[in-house]
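Letters A, B, C and D mark the chains as written, and numbering starts fresh at 1 in each.
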Amino acid sequence: MKSFDWKRNEVLVFAVIVAFCVVAAFSDPNFLSIPTLTDLMRNSIVLGIFAVGAMVVLVSGGIDVSFTAVAAFAMYATTVMLRDLAPDMPWPLAFAIATSIGAALGSINGFLIAICGLPTLIVTLGTLSVFRGFLLTFIGTLQISNLPPGMRDFSRWMMIRGTNSDGSFYSLPWAFMALVIIAAATWVILNRTMLGRAIYAIGGAPESARRIGINVRRTQFFIYVFVGALAGLAGIIHASMARISNPFDLVGLELSVIAAVVLGGARLTGGVGTLTGTFLGVALIVLVRNSLIVIGIPSTWQSVTIGVLILLGTGLPAWQAKRAEARAA
Amino acid sequence: MINRILHSTEGRLAAITLGVFVAMAILVPDRFLSPANLTSMAFQFPEFAILALAVSVAMLTGGIDLSVVGVANLSSVIAALFMSHFAGDGQGAGLLIAAALLSLSIGLTAGLFNGLLVAKFGLPPILATLGSGLVFAGLAIAMTGGSAVMGLPPAVAWVGNGTLLGIPVPLVILAILAAGVGWALKYTAFGQKTRMFGANPLAARYAAMGTERVLLKVYGLCGMLSAVAGLIVMSRANSAKADYGSSYVLLAVLIAVLGGVNPYGGYGRIIGVVLAVLSMQFLSSGLNLLQVTNFAREMIWGILLIAVMLINLVSFRSKP
Amino acid sequence: DSHSKQLATVVKIDGIAWFDRMRQGVDEWAAETGNNAYLVGPAQADPQQQVALIEDMIAQGVDALLVVPMSPEAIEPVLGRAMEAGITVITHEAASQQNTLYDIEAFKNEDFGANLMDRMAACMGEEGEYAVFVGSLGSQTHNQWVDGAIARQMEAYPNMTMVGDKNETADDQQQAYAKAQEVLRAYPNIKGLQGSASTDVAGIGLAIEERGMEADTCVFGTSLPSIAGQYMETGAVDGIGFWDPKIAGIAMNQVAMMIMHGEEITDGMDLGLEGYEAVTLEDKVITGKAFVDVDASNMAEYNF
Amino acid sequence: MPTDTQPAPLVTLEAVTKRYAAITALDNVDLTIRAGEAIGLAGENGSGKSTLIKVLVGVEHESGGRIMFDGEPQSRLTPTAATAAGVQVIFQDFSLFPNLTVAENITMTAERATGTVLVRNARARARATEVLNRVGVKLDLDARVERLPVAHKQLVAICRALAADARLIIMDEPTTALTEREVARLLDLIRTLKADGVAVLFVSHKLGEVLEVCETVVVLRNGAKVAEGPATDFDSASLTRAMTGRNVASEPPAPLDPTAPTLLKVEGLVRDGAFEDVSLSLRAGEVLGVAGILGSGRTALAKALFGLARPDRGRVSLDGQDIPLGDPIAAAAAGIGYVPEDRLTEGLFLEQSIAHNIAIGRFDAHAKNGVINLGNLWGEAADWLKRLSVKTPDATAAVRSLSGGNQQRVVLARWMARQPRVLILNGPTVGVDVGSKAEIHGIMADLAASGLGVIVISDDLPELLATCHSILVMKGGRITEVVPGGAGVTEADLSHKLAS
């Protein structure tokens, strides 16, 4: 039987979330309410999809910092295409286009990493600049706030709707379902297929994987295409929900996303990472970013708070691991 | 001979840098080679070159320092607050030296804090410095409410805008720092240990090398270099602010990698970093003269980075 | 020919609607006057990149530099060098700039903020809680608008109270949205929200729409019809104010040209541009009366 | 014998050659392996054994010659094709996945071979349990492999090969981390496999094992096959001669001077969960062995002495001076050196030069105010290379380019350059060929003769008996007995003391 390991990152992050909520609930009794929950869930959609992708890459022993540029590219290129060529396109088709653009850009990463064998950090650092530069130079820089109707429809399509005691609404869009579906699909791939085993295997020991006949290159290629597709989808969902397609958006989030994933227990050295941990990490980051006012931290201290949180969240487990290692030595 | 040069990473990079320079000189001959442009370039690159130097040193140990800009701004904000507080007393140069020492010690403290996180608490450097960078920048915001600190004594302007024997002071500072760091990495026990630690941290521990001390020194050095960059930025902006140069973090990483520093540790030469900075600056200024949009510049940097990696790859493979 | 001058307009950041509108003005003016005038801006909103860009422009030997500073303090030294090199330097949105010949302001910032407050107070029935948003705590103009608004409220609307600090949105719509959600949760009775960055009201408007609070709240701020239009349609945003960056761009180039031709700028002068018919001159600051009040009723008149 | 009725051999290599740039790792090797046959592959370090295996399973591709499975020529063999043909390998470095569980590791290859897309957990676990029982070890199926001790990792690697329905199992030094008991078990298992018609290619430096279990022995030297014949034609000495081309004799340790002063004194050292109440003393010139079965706490003790782990209680003193515990730098400064178990990850800076690998501990010594006198530093390194006769043309070459025996000498040189008083060697000859092994034993004897105290931890009982003045027997973290080395006790006696 698997025994429960109390020292896992997941447990720690969960404890921090609970502690944060308790403090917030004390300083504002309205904090523990359905609108807070739906706000947090809504704000987790795009970050969550990014985080799933980042986690898969980390598990495979790589790192991807270009996914935000892929998302911005896919999002903006699709919006421009829709606006100029097919304004009445239904949203599923638009989403498919954005996802394919993401996958195509991901395949460029995949080619450089899997086929040419270049280091992942360097490649994605480079493609981050290239994708963003290409987007802003050749596709456009102006934000589009009159989104095509298809995308607007999608953002207004609510899964849950309700009225609060004070008469205001709360709602959760169907876009949240995208996150749920992606999480489920990724869970199946990682935990129930041989492909997932291969991803963990190449993250743990690439040479061993090669020796037992795992096609390391093909697996890596798949991963970067998959992550690109996820990023493309996240991009278009982001634009739909924000009702604006801004090519400057998203880029700059990449390190926070990776921090959230590592907070959730994924290892930067590869081979280890879970979806539960990833979502807990995302939840924590979203919670803190959106609730500092509630617990009375002035915005001048926001940056310090998030920094300290990242340090504590990664520091405590790292320190524990270091001590455990010293004990086992 | 040419073959020999092209067989080393730095040799190829030198060829590329020269190529960029020649290309720009041909495309916009009168303006690119004009003294005004050459001086302008010489004033521009030292600040991010010094940050790239700091990132490179951290990368040698297999780590990274993403907090360089945060440290630079925190130390310059504190130095500026200090100077604006005492500026009335009129002792320009003396005050400047005191402020410089103050900012260096802030840089050192911040760097040692990073070192402590990495060495003692075992945080992955990328996250330790990401988090601490936010903390440093945040402290600078909290101290200033986010606005710029002004009212610096006139002597400050000399650091970023003055010349020494006709050479821009920032360039002189960069030259001294690059030479110093390059020399230290090669000829001092600290430098050799840094490299060896980067090559295999576990073996370094088993060889009874003081790994924690090395890391503390490395990040302390990064912090001090960042503080120097902060001083130059402060002088060039004649003010200090929490968000100056925020786009320089990834640029510094890009330059270090382009300069041939192995992000996984153990290999890297300062000359490579210097060449990478030069090629970036030539490209950047040249493209500005050609009125190419700044977005295209970003794209070209990315392409340059990947191209250099691919060239390295091809020439490694084709070795006999 | 010898009459044609090279004038570089250097803006905070390239590619956004605001400065694209300004570019239109610069390009039109260039075509009209036959000068080589153009607009450039850094790819990222970073004062140091703007400094580098200005360095390059100086090295190119432009005749005039027209700058919309990201951070006026940060570019003091480089503008000083430009002036030493004999370049005609004009700034915009930087009333405190030292190293400039003239700074052009579309209006007095405090007045603009007070005007927004007046409109918001009228909408709120002069009572209730309100919150303010700025793009960054370090931005001088945003703070002047907001301070002007708060001062106006203090003196004229005693039944209104500001809740929380100035909320910082990093000039990012997504952040404004998240901040607005948070404010709405923390202060469920809030009635007024005032934005400063052009994206602030859009982010706030989205949060308001999602909660169905269009009718209960009054949202005002600086923005453009192209950004805030869809929220004004639904009533989530009640009104915006702005000045036309196109005219501001022309004004800068025009003033620079006048100076290079030896003309003098005087108090009460007519620049021949809408909103700048009778400018005031105070020290180096040229101030017009160029603010535009827009709400759902007249937004169709502005296509940018 | 009517050849036409006999099936084609399982595997045939014809004139296989493998070149790495300038190095010819395999030179025209012919080899035939038939069902139910165990072939011993012997050769010094770097003679090409591992390369032969890699070529045979498609991890590397031959530069010339032909490989046939069941008489079918294989062009550009891949690991998948080799697995499909029933070839399984236990790699020298185990090639496990540290981040996966024991069960996942054991069944990974077998499951892949079934071509399944989905993971079948229940089936896989049943399979893993079955194989573990067959090998006779108890391991937690859900433990991550990275947390296992080396020996357990090796057992997992063995189980992985057995889990797939193999027709040929290649074992590249499968017993290096195993104790006598487990080795005996493995050899039994090989006999059973043979009886079931499975062929085994067995690579080992432990010649006794090779001769015990294999019917045919093949010897490689410098990539070429230099001898082949029935195991009964060889004995330890003749096999050694075939491998090295010369005779290697082991000498007993020089007698210990009874008046030699005590160097190292350990009193009541305790580390909870690892070892209990360890006391020992080591005299100048003494070689002290430590023997014990897997997990008996030998490595933990060695690391504690060297400061890599902090003991909970107890004292360690050198020349009567207490040494601060848990601080390797203090330990090294006091004169204790440690040559670790795993050369590749703990010992060497693989991509760095040989000279750097030797000089690592000497930077400070050659520095004045932090500035190194590089001439002296490299001169000293070159001197040590010569003194330990490391075979390399170029001290600036990466240490990766050296063979195992020479790499081990580099690690030894690193410590000798620091002139330690006490040197702790953990598995000093693991994966080292017979020739180099004898030379390393010679170096150990010289060290002792020059007045050092040497502590040797080893699973190789003959090695301990041949080199040590006395041997500590560790069981369950305690020293249970001290036996004399040399001819004082036999290998069988010692083995019995450990296992009982």
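Here, a residue touches a chain if its C-beta (ideal position, glycine included) is under 8 Å from a C-beta of that chain, and two chains touch if they have at least 3 such contacts.
All values derive from a computational prediction rather than experimental measurement.
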item	value
Most widely separated chain from chain D, with each centre as the mean of CA atoms	C
Interchain centroid distance [CA atoms averaged], chain C/chain D, Å	72
Computed distance of Cα centres, chain D from chain A, in Å	44
Whole-Å gap separating chain B and chain C, where each centre is the average of the chain's CA atoms	34
Touching two or more other chains - residues of chain D	308
Multi-chain contact sites of chain C, meaning residues that touch two or more partners	14-15, 43, 137, 168
Where chain B touches two or more other chains, by residue	141, 145-146, 293, 295, 297-298
Inter-chain touch pairs (all)	A-B, A-C, A-D, B-C, B-D
Partner chain B, residues of chain C touching it in the complex	14-15, 38, 40-44, 46-49, 51-53, 55-56, 58-61, 71, 73-78, 81, 136-138, 140, 143, 168
Interface residues, chain B side, partner chain A - complex	66, 117, 121-124, 126-128, 130-139, 141-142, 145-146, 250, 253-254, 257, 263-264, 293, 295-303, 305-306, 309-310, 313
Partner chain D, residues of chain A touching it in the complex	2, 191-197, 200-201, 203-205, 207-214, 270-272, 326-329
Chain A-facing residues of chain D, complex	57-59, 78-80, 82-83, 89, 91, 94-100, 104, 108-109, 111-112, 116-119, 142, 147, 273, 300, 303, 308-310
Complex contact set, residues of chain A against chain B	112, 116-119, 121-123, 125-137, 141, 255, 258-259, 262, 268, 300-311, 314-315, 318-319, 321-322
